[in-house]
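The next part holds the structures, each set out as structure tokens.
In the two assemblies presented below, chain A is common to both, partnered first by chain B and then by chain C.
Presenting the complex of A and B:
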């Protein structure tokens, strides 16, 4: 299953590359919808990571069922088709209201690898989260690193 | 698999009921996060339904791969754990910025059944979308009805 997901994410990367190779002029409404969708997707990561991160830090009482559910959600989210979110022309040099850097669409973009790392981290969290708090805590670092693996190189700072 | 999903959604309904039976006073920040998450989830439905609906109406050229991907996304979305979105006290009589009616949390709430209908419709769409345009068109009505199955009884009008 892990291999299937990594292949899925590689396909996403290929789709992004293919879109970037097209004429590069999506309809502004399509661009807006794509940006809203990817931000909604990030919102859902944030929602479930708040549960897992809160438990890891001891700010929320550990609950195996809730932790497992949040980790299941992460895995479902990484599996969700995402190629349509990343239309060429939806970078922060082209439009407002996004922090997505043009480097995402560059020929040497490593977004596919970064997405693959997120799949791996989410699946490791899924295996760990429902076991016990120590297992969850052992898996949370890799999830945070996987978030940063895209955000650091490919997202503009908030300020 | 279909049965599993229906059971999953029934579990969501039970979770909502269980939450409603608790003290009913979630933290305002938790409420806000939950509302944002469910609205993000709806945004993602909207994004993928725009593809499927656009193709069904002939506004977007039918593309088997894109249709299949959008339908896969719908199925992933209906499978996503959603119990945490529906905190008691997050209805439109209690807070701003939501159209969720208190009836969702009522003892006679039928949200579990409505969610089950959405699962069924999404899975039927997944089986149809990549086949051909006629199959997609045959499946889109049930998806729209399933959306309405929750929105009509449980969402306030936009005006």
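Presenting the complex of A and C:
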């Protein structure tokens, strides 16, 4: 478990570090595709969180198997390399249709750390989700907090 | 002719003097706190409800207990900087009496008898109970000291004349409630948490030209100062259209009914709100569900 976590964190760190090193001259078509891809990625988080969060709220009856597979999906998602779709030049100061702030690509960006926290929260959820409802409810707050870890500093509010 | 000018000037000076006297900074009446004992454990909850850390912890800090200040608040009137309110006797408020701290929170008046700028949300805190503030003070006194000096506000003329804030206070602060009528106990508790301690209106209600909250647009969402094209959302019940469990789950986890997450400043608000007991979160939901409706 410990080893998996370390390997995973390293993978995330590398994929996020790739953001900084990537060529800053993607063409508009690439940028558009990249924005669509990362928004789809967020949509997938949301889809699986709807199962876990719905159970935590009592809107969906708790089911250990369904909860476990939603948490597994969450863990798979957080481990996907994302470097390809967080292209430099795809921030909200450069293009329309995104709320991604330029700070993501700044030299002092802490997206790597935030992504690491997301991995930890997802893994804690994976360990908890299939156990029982109380365990799931205990883990959902940290997942939401990890989402906020990026959405506080790096996503603009809606208008 | 000369006599008329002299008399007119004297009259103007007299009017200004009366105006300044009427709007002078007011402390709490002496003895207001006598016999009230602060409860540290309750104070910790009040601290979370009032969101002190969100503004007074150092920018970028994650330590919600070190109130060293320094966070900037851009506005139409200048940029304000949250002061150090840690227990440090020189740079913080360690040397202040309970009455001085309570006057600051409830009346917006400093120990030196000056008006605070309403970036400090006393226009909302003024609705709080004295007992809650005494509990808060008992808790604040347990927090660590920090020696960072407070940064002066960057506010130009004429807004740097603090005496003029007395008129502002007269117009836009006080202890009156926005939502009135026949409310349930839960809605009344929620009103204290939303309109008072939680000061939700400070960000979620648009402001008029003088910077006062436009209560006709209570919680209707507002531009975010210093951010182009960003707004806080309209959280009146008909616009938001969330159920009570939706609101409670959001305040605990930051996850919306669509399973998006809170962003921006609201992330810090959630960090505070999730420390409140379930009864309080249910009360907030009960209150929010009547805002913007004809129910009360």
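Annotations for the structure displayed:
The criterion applied here is as follows: the second predicted complex is superposed on the first by the 136 of 159 C-alpha atoms of A that agree within 3 Å, B and C clash if a C-alpha of one lies under 4 Å from a C-alpha of the other, contacts with A are read in each partner's own complex, and residues count from 1 in each chain.
Everything that follows uses one rule, which is that a residue touches a chain if its C-beta (ideal position, glycine included) is under 8 Å from a C-beta of that chain, and two chains touch if they have at least 3 such contacts.
These figures come from a predicted structure and were not determined experimentally.
Shared-chain residue A:79: touches chain B; no touch with chain C. Contact with chain C, but none with chain B, is seen for A:57 once the two complexes are overlaid on the shared chain.
Contacts of A:98 after superposition: neither chain B nor chain C is touched.
In the superposed model, A:155 makes contact with chain C only, not with chain B. Of the two partner chains placed by the overlay, only chain B lies in contact with A:33; chain C stays clear of it.
By the touch criterion defined above, A:90 lies against neither chain B nor chain C after alignment on the C-alpha atoms of chain A.
In the superposed model, A:49 lies in contact with chain C only, and not with chain B. Shared-chain residue A:145: touches chain C; no touch with chain B. Put simply, chain A uses residues 47, 50 to touch chain B in one complex and chain C in the other. Put simply, chain B touches chain A in their complex at residues 33-34, 36-37, 39-41, 43-44, 47-48, 50-51, 66, 69-70, 72-73, 76-77, 79-81, 83-84.
Across the complex, chain A is touched by residues 224, 227, 229-233, 245-246, 249, 252-255, 258-265, 267-268, 270-271, 274 of chain C. Across the interface of their complex, chain C is touched by residues 45-47, 49-50, 53, 56-59, 140-141, 143-145, 147-149, 151-152, 155-159 of chain A.
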